[in-house]
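Shared between the two complexes below is chain A, which pairs with chain B and chain C, respectively.
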Partner chain A sequence: MATYIIRRLLGLIPTLFVITVIVFILMHLMPGNAFLALTQNPHIKDAAEVIKRKEAEAGLNLPLWQQYVNWVVNLLHGNLGTSYQYDEPVARLIGFSLPNTLTLAITAEIIVLLAGIPMGLLQASRVNKAFDVSTSFFAVLLYSIPSFVFALFLIYIFSFTLNWLPSFGTVTPAVPWSGDLGDRISHLILPALALALPSIAFYSRLTRGNTLQVIVQDFVRTARSKGLRDSRVLFRHVLRNAIIPIITQFGFDIGGLFSGAVLIEEIFTWPGMGELTVSANLNRDYPVILATTLIFAVTVLIGNLVADILLAIADPRIRYN
Partner chain B sequence: MAEPLLKVRNLRTYFISKNSTVKAVDGVDFEVYPGKVLGIVGESGSGKSMTSLSVMRLVPGPQGKIVEGEILLEGQDLLQLSERAMRDVRGNRIGMIFQEPMSALNPVLKIGEQIGEVLVRHRKVTKAQAKKQAVALLRSVGFPRAEQIVDEYPHQLSGGMRQRAMIAMAMACEPSLLIADEPTTALDVTIQAQVLDLMRSLKEQNGTAILLITHDLGVVAQMADDVVVMYGGQVVEAASADEIFDHPLHPYTQALMASIPVIEEERERLQAIPGTVPSAADFPSGCRFAPRCALAEERCHEQMPELREISLAHAVRCLVVQGKTDRRENAT
Partner chain C sequence: MAVQALHNKAKTGETKRKRVQSPWRLSLQRFMRNRLAVAGFFTLLVIIFVTVAAPLFTPYNPTAINIMNTNLPPSAAHPLGTDGSGYDNLARLLYGGRVDLTVAVAAALMTMLIGVIYGGISGFFGGWIDNLMMRFVDVMLNFPFIPFILALEAIFNTSGELILITVVSLTAWPGPARFMRGIFLQLREQDYVLGAVTIGASKWRIIFRHMLPNTISSLAVLVSMSVAGYVGLDAGLTFLGLGLPLTVPSWGGMLSQASNYIDMRTEPYSWIPPALMIILTILSVNFIGDGLRDAFDPQART
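What follows is the complex of A and B.
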């Protein structure tokens, strides 16, 4: 198992190479660069000079391939470079943003699993009864609405109208309880819920469908022929099989939820990777763009790897070799 | 003779939907005696599996329903039990094995757990004790490496091994009745013989009665003490195995006998009788075998024959057949 994981991790390297090269090229194809804004600054008289100097400092006058090699060499030394717009090490910016995004994405994932799977199971065990039909209809509805629409609805209802929950930031500024666990959780609820809702619907559909497929199989009849209680038949025999495609899907979705957080972060002014990425792209902050792209790519690839590993654990018929 | 262990009376199991009623089992009677093997034979679709699932009360719902009848296990009508009480019967007093041992075992649970959970459920043992007993059970069905097998998954075993594991599972609580629905159909001939031998020796050791369902008369000849022949959801002939093989009376039974292939390897689904089993949704009004019967008379198409005892312990559902016709005499 360990060697399998290591081999798979090494296998990620070519993929990451291709992704970063493409991003590198696209990034330089975008018109303008980070320093052109200086010409707009009335206090800088010799803007052209300053820009040239800055560009030289950043190595932007080197050939593109040379810039890429430098970036890779620095990366291998653990150096992600310095942000043009903030004049701060990229690693520090990410060190601040990444935990916020992880908190949001992981909370959303937990909500998705805790709500989606039981919902699907309940629907499957009451198939075509009133509960199933009504919640299934609702689920399809939820699934077809994008997260950011929920975000607006949730803000309107719970912040604006009811004034129960805050709608921006990670903590309440300038109050004694600022930064308490409760304070942080109250800020987390709405963005996490907005991010989770469409996925809850999707996972309940997936669970329902898989469960209905498994429940008619012969081994379920065998389990019942042994006199097992319904709960054991459902959880040990049916769910244990129905869950396999779900956890695979879940692995694939890790990267998706992560990037899905981008829009939600903008709406809730959540200081995460989303905000960092958007501002970096608008300002042509190349080192930050590269670093965030790398992180998004790695999350997707790790998600796929996690999916494969979970599959191998959940399904004894799969052998990793 | 001893009291029957299982006595089925006028069992009717229908699949009822908006636009049709499929009479899968339509008034079936039979008995299984302690320590004896009752073979139920019949072509595909004659209602054998639904009969056995009815005894377990595992007819696939919501359309499948036992609409009438009595299923008396040691005098107690299983159809009157609550679902909860019925769960105490399944796997405990009645064990069941199925045709396809691959799909009948859970692919993602270890063999040991699948055997052990029956014991945990009915014998209230701990998981560790259950595993130990599972090893012993596996050994008793002929696994030399039983300690390893408990930790293996179904896909790691061959078809014959899986069926033996199924038998160990069904026998775990030493049920007084074992229902085996085509237990050897999916296996090749040599493995078939091993599995049948195993069932026979378990029967002799534990005094377990067996309800053996098959369309293979060869298997019936080897195993059964008594035989019930089913056609169109009904019993058309019932007698002891010797009697059935020596004096088959019903035209359908006679046709079945005639269709036994001579060479073992050619044993396949019975299909030598011209015509097909009528659809259980739309039976002919008279004798259900009439469209295919060589002896059919006019009245056969109008009047449904009753199952009547023609001689001692030999019942036939036919209007025409009267007394004994010895098959061997006829053949010469």
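What follows is the complex of A and C.
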């Protein structure tokens, strides 16, 4: 298993290489660069001079391949560079944004799994009964609502109309309880729900379908005829077998939730990777663009890897070597 | 499918009474029996009708600013009020639907075109060509979506329907390409392909004349599912300010303009209608997609 994981991790390198090269080229194809904004600064008299000096400092005069090699060398030394627009180490910006996005994405993922899988199981165990039909219809409805539209409705209902939950930021500023666990959780609920709801529907449909295939198999009948309780059969015997395709999907989704968070972060002014990525791209902040791209790509790839590993744990028949 | 259908009928002993029905007819029958799919189909027809025939329902021009009448509440003259620029909300809702639907359908078709050509070549030739092409798909599937879209938009340096369609299809093609490759890999082993090879048909003729028509049913499902996805995606991008410019009426644009903290609370009539239109469109297209998938399923009983 360990050698498999190491081999997979090494296998990520070519993919990351191609992705960063493409981003590098695209980034330099974008018109303008971060320093041109300095011409708009009234305090800088000789803008042309300053821009020239800044560009030289950032190494933008070097040939493209040289710039890429420099970036990779710095990366291998653990140096992500300095942001052009904030004049701060990129690592620090990421260190601030990444935990926020991770909190949001992981909370959403937990909500999805805790709600979606049991829902699908219950639907499958009551297939074509009223509960199944009504919740299945409801699931398609939820699945058809884009998460950002959900976000608007959630804000309108829970923040504006009922006034229960805050609609922006991660903490309430200027109150004694600012930054408390409760305060943070209350800020987290709406964005996490908006991110999770469409996926809940998707997972419950997926679980329902898989369970229906498993529930007719012989070992389930054996378990029942042994006199086990229905709930035990369902959660112990059926779920264990029905969950395997869900794990694969879960791995794919880690990356998806991560990028899906971009829109949600924008709506809830959640200071995460989404905001950082968008502003970096709009301001041609090359080091930040490369760093955020790298992190998004690594998340997706790690997600797939985690799915494969979980798969081997869940299904002893799968052997990697 | 025809054989399957005959087989089914032979089982129920109805072969003598009914004449043989074509697979398309059987699929159509199955589709028509799916109530949700039919309801989705008619809902979509209604949406298309009100957007195409928008001038019948509203006298206003969706791009004409009227600064004397900004932020009006709903009234007889403006059933959904007007927004901050004096645009009539109903006019923007109806005309915006044209733009949203066109962009989503065009993007779906273009994605499929890329996907079919790429996946078809990869799946048909197999071997190292397939290997190389699929490695590239793997890379593109892992490619972070938002930075890519931002970069493409900055490079094209304009925003508008055509750019949005191009951007979406350039980012979304790897999924369909991989899916179509799988189908072509299966079809390649079919006897009629072997037959075509033995009578000396060229590779391209086999791909496009013999194999492609047999992928139509999968394609139809894929297109409808993609349309549903792209309606949401386009609206989301426009909402972020990365899709259509605000001068073009669109549902995402309406949401984006009305979703600031003041308007959202005080003017629900300006953002709830476009939100509902987005949901309704996606929902009906999803039901149609589900219906098509079941209708084309060769294992389904008639």
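The rule is simple: the second predicted complex is superposed on the first by the 321 of 321 C-alpha atoms of A that agree within 3 Å, B and C clash if a C-alpha of one lies under 4 Å from a C-alpha of the other, contacts with A are read in each partner's own complex, and residues count from 1 in each chain.
Just so we're on the same page, a contact is a pair of C-beta atoms (placed from the backbone, for glycine too) under 8 Å apart; a residue touches a chain by one contact, two chains touch by 3 or more.
Since we're looking at a predicted model, the values are computed, not measured.
Look at A:Gly274: by the touch rule set out above, it reaches chain C but stays clear of chain B. Once chain A of one complex is fitted onto chain A of the other, the partner contacts of A:Arg184 are absent, as it touches neither chain B nor chain C. Of the two partner chains, neither chain B nor chain C is touched by A:Arg8. Once chain A of one complex is fitted onto chain A of the other, the partner contacts of A:Lys52 are absent, as it touches neither chain B nor chain C. In the superposition on chain A, A:Arg236 makes contact with chain B only, not with chain C.
When the two structures are aligned on the shared chain, A:Asp218 is found in touch with chain B, with no touch to chain C. Contact with chain B, but none with chain C, is seen for A:Gly227 once the two complexes are overlaid on the shared chain.
Contact comparison for chain A: of chain B and chain C, C touches the greater number of residues. No residue of chain A is contacted both by chain B in one complex and by chain C in the other. Interface residues of chain A facing chain C in the complex, by the touch rule stated above, are 15, 18-19, 22-23, 26-27, 29-31, 137, 140-141, 143-146, 148-149, 152-153, 155-156, 160, 167, 255, 259, 262-263, 266-267, 274, 277-278, 281-282, 284, 289, 292-293, 296-297, 300-301.
Against chain A, in their complex, chain C makes its touches with residues 36, 138-139, 142-148, 150-152, 154-155, 157, 228, 232-233, 235-236, 239-240, 255, 259, 261, 264-265, 268, 271, 275, 278-279, 282-283, 286-287, 290. Residues 56, 58, 60, 87-92, 95-96, 98, 100, 103-109, 117-118, 121-122, 153, 155, 166, 169-170 of chain B touch chain A in their complex. Touching chain B in their complex are the following residues of chain A: 216-219, 221-229, 232, 236-237, 240-241, 244, 314-317.
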